[in-house]
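A, B and C label the chains in the order they appear, each numbered from 1.
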Amino acid sequence: MGPGTEGVMMAPESTATEKTPEESLRETMPAPILETRDLSIFYGKNEAVKKVSLPVPERRITAIIGPSGCGKSTLLRALNRMNEFIADVRMEGEVLYRGHNLYGKNVDPVEVRARIGMVFQKPNPFPKTIFQNVAWGPHINGLVPRRDLPELVERSLRQAGLWDEVKERLGESGLSLSGGQQQRLCIARALAMQPEIILMDEPASALDPVSTARIEDLLFELRERYTIVIVTHNMQQAARVSDYTAFMDLGVMEEFGETDQVFTRPRHERTEDYVTGRFG
Amino acid sequence: MATAPATADLAFAKKRRLGEGGIKAVLFVCALLSIFTTAGIILVLARESWTFFREIPLPDFLFGTRWTPLLVPRSYGVLPLLGGTAMIVIGSALVAVPVGLASAIYLSEYASERVRGIVKPILEILAGVPTVVYGYFALTSVTPLLRAVIPATNIFNAASAAVVVGIMILPTVASLCDDALRAVPRSLREAGFALGATRHEVATQVVVPGALSGIIASFILAASRAFGETMAVTLAAGATPKLTLNPLESIQTITAYIVQVSLGDTPAGGVEYKTIFAVGALLFVITLGMNVVANRVLRRYQEVYE
Amino acid sequence: MTASEWRGVPNLVRRHRQSLWLRRLFKALTWLGVVLLAILLYRIARQGAGWVDWDFLTSFPSRFPVRAGIKSALAGTIWLIGLTALISIPVGVAAAVYLEEFSRPGRLKTFIEINIANLAGVPSIVYGILGLAIFVRGIALGRSVLAGALTMSLLILPVIIIAAREAIKAVPQSLRQGAMALGATRWQTVRHHVLPGALPGILTGVILALSRAIGETAPLIMIGALSYVAFVPEGPMDGFTALPIQIFNWTSRPQQEFHGLAAGGIIVLLVVLLLMNAAAVAIRHRFQRRR
């Protein structure tokens, strides 16, 4: 069953035309490349994420919105096994990539992270040159032979919309760029790994409005080739940028659906309260 | 009615302010003492060295290869002492740098808080052991061991002293490198892991380069301490100034020479007495230079993480 | 996850193996330091324990190892550290107070701070040379405890100043502002509010500085602390010896028994240091908990 709390069961005799909202959604939505099933994440005794089943449709942008502390970042980090660096964290449920559980016994978390990229809230380029920043990931993972690295770097920087600004100074430190440029560098860095999925944790929240707009434009371009999951506390951003939206509150995923529907015809009261600004 | 209390107040305030001024002056003089100390060191060393270098030409001192100020024929070339000191510094660095840096990496990138809580205090204890104890240890434990393994080893040799000085400065390296590594923000490590790197790749290719200025400064500071180390080398390295590349031989460092002369009966005012100051001046200048370089490395190249 | 589901990362097995070996290497080198300390303490305990008894503590040094003891060395060390504390603590704390509470940022202040930082890194033997020239010869104090204490004070002054400054800095601004708002002068604020608040930190720093002074040998050799002293100092102008000097002297002798004596002396020295450091840690803990 999809998200939502009604739990409508289809009676066998009902006609084929009567579909639940969840089922129609499943029909029109591209198949999820990634999804969680009853995922719960505990920090010690605190249950930060409660039985969330989130589908991430392929080659679409899925936004996760919700008030502070609702667990959206925690949920995001579970998708590429970045939660494991926190002591005392425990998980129940599954995270499935094309049907295979990423937390299965024989799965190497390092490989998961090589395949699912992440961009963080505050730009965090390495104290290396711009070139090295983008090339390091593919290099240590042996994705391309050394001589092909310059081409990969250029391609990634172009995709991130940064190439023209830095092509003359690839040898300068990544830290010498402005905040918006640094974030695009981090995006290029993630793209260089040629992932299928990119996770973004509030990528524009530390940036000025102009840089934010550039990043949002970038997302539109990337959408054709990558599946993107973006966590944001900026509702307008989610409404502008994403195809599907999940609303979380206090660890529970209250609603999931097409962005248009979630914002204009939310099915749950809590969702409506949030998107109309009554709280959060 | 209103005026009398006012003047009384003013008089009291004035007395308070005078007393305050006096106290401030005393405190100021105490703070100035540091300048006087530095001035004292420079003056003392410079004055005696000046008269020394009137008799012994500076190039003979700096580039001469025989140091026999106490024996006839007298020779005042300081290179053997510098060579001996250099052997100790290099040898101790060979011990302290890998072990210290590795410890710092382990403590900051791998170890749990519990392990840190055990190992860090132990390193501090190592740092607090007096140097004469290390000298004793070198002479009575390290040298016999060395001689058992390599019988050609002299009873006094540079290697034992270097090993022990290395142990002595290893906590400095470990502690300063640990600070430098921990100053690298967590977000940088996360970026590394998020790209599918293993823990050692993040530690050695992201964190260490991100703390490089602090790490290098720690090496220089540790070397400076090894340069000025006295008791361990006096007890274990020997009293024979000579230029050699063999660490199993007996040598003499600058500091050990100063001790040797002080223990003997050299009359004040003679050239032999003045060698203390000439050699001491060299020691002071070199260690000061190393400390200044280390601080400059820190200031100019320190990575800025907001 | 099979490689067919997504493009496998080809070199993971090798990298994981590297990671494991590197981790083992780092861990081993870390514990090496601990092991070395254990060996050091063990050897010294073995070599010296047999020599430490009441006679050892109450006899003067002698040509005959069996009759030798550290009485004069202990007495000298007590005199030396006592005088050093009396001189260096007030001066060091005063300098720290000036720098933190009274001085204004400027070239002089920076110059003083640079000096202190550099002095902290000067080898101790250079302080010995300074002490020889100024205290022993210059103002003609001779080879006395006073000359030794003055030299030691100069040596540990930077350490005390730096530690005291940290302790004073840690006192919250609100405390100062509260006092000054009541009309207190700078000094009154410092004396009645800041210093008491900084006291635990200052005390800890002082104890650590003094424990460094106790173990220092080179400066004492320079100013001529004697090695064969069969008397206890009775005044600041008397000659003296000290525990590290005695240890040095015994270690320098070729005979095995003197090495045993030296080890005994080291045990006493280490015990004293242990007690001092334990006191410093206890103070730090007790006052941290109170906050």
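The definition used in the following text is that a residue touches a chain if its C-beta (ideal position, glycine included) is under 8 Å from a C-beta of that chain, and two chains touch if they have at least 3 such contacts.
Note that this is a predicted model, so its numbers are computed, not measured.
J.: Please indicate the chain closest to the centre of the assembly, with centres calculated from CA atoms only.
T.: So the chain sitting closest to the middle is B.
J.: Report which of B-C and A-C is connected by more C-beta pairs in contact.
T.: Spelling it out, more C-beta pairs touch across B-C than across the other pair.
J.: Name the chain whose C-alpha centroid is farthest from the C-alpha centroid of subunit B.
T.: Measuring from the centre of subunit B, the most distant chain centre belongs to A.
J.: How many angstrom lie between the centres of subunit A and subunit B, each centre taken as the mean Cα position?
T.: 51
J.: In whole angstrom, what separates the CA-based centres of subunit B and subunit C?
T.: Spacing between the chain centres: roughly 15 Å.
J.: Taking each chain's centre as its mean C-alpha position, how far apart are subunit A and subunit C in Å?
T.: 55
J.: If you look at subunit B, which of its residues touch at least two other chains?
T.: 196, 198, 201
J.: In subunit A, what residues contact two or more other chains?
T.: In subunit A, residues 110-112, 114-115, 140-141 touch at least two other chains, as defined above.
J.: Out of subunit C, which residues touch more than one other chain, so two or more?
T.: Residues 9, 15-16 of subunit C each touch two or more of the other chains.
J.: Quick check on the complex: what are the subunit C residues that touch subunit A?
T.: The contact residues of subunit C facing subunit A are 1, 5-12, 15-16.
J.: Looking at the complex, which residues from subunit B come into contact with subunit C?
T.: Residues in contact with subunit C: 16-17, 19-20, 23-24, 26-28, 30-35, 37-38, 40-41, 44-45, 48, 98-99, 102-103, 105-107, 110-111, 119, 122-123, 125-126, 128-133, 135-137, 139-141, 167, 170-171, 174, 196, 198-201, 204, 221, 224-225, 227-231, 234-235, 255, 258-259, 262-263, 268, 276-277, 280, 283-284, 287-288, 291-292, 295.
J.: Which positions of subunit B touch subunit A when the two form their complex?
T.: So the residues of subunit B touching subunit A come out as 185, 187-188, 190-198, 201, 205-206, 209-210, 303-304.
J.: Flag every residue of subunit A that touches subunit C in the complex, lowest number first.
T.: Touch residues, subunit A against subunit C: 97-98, 100, 102, 104, 106-108, 110-112, 114-115, 140-143, 194, 196.
J.: Under the definition above, what is the set of subunit A residues touching subunit B in their complex?
T.: 80, 82, 85, 110-115, 117-118, 120, 122, 124-128, 136-137, 140-141, 175, 186, 189-190, 193
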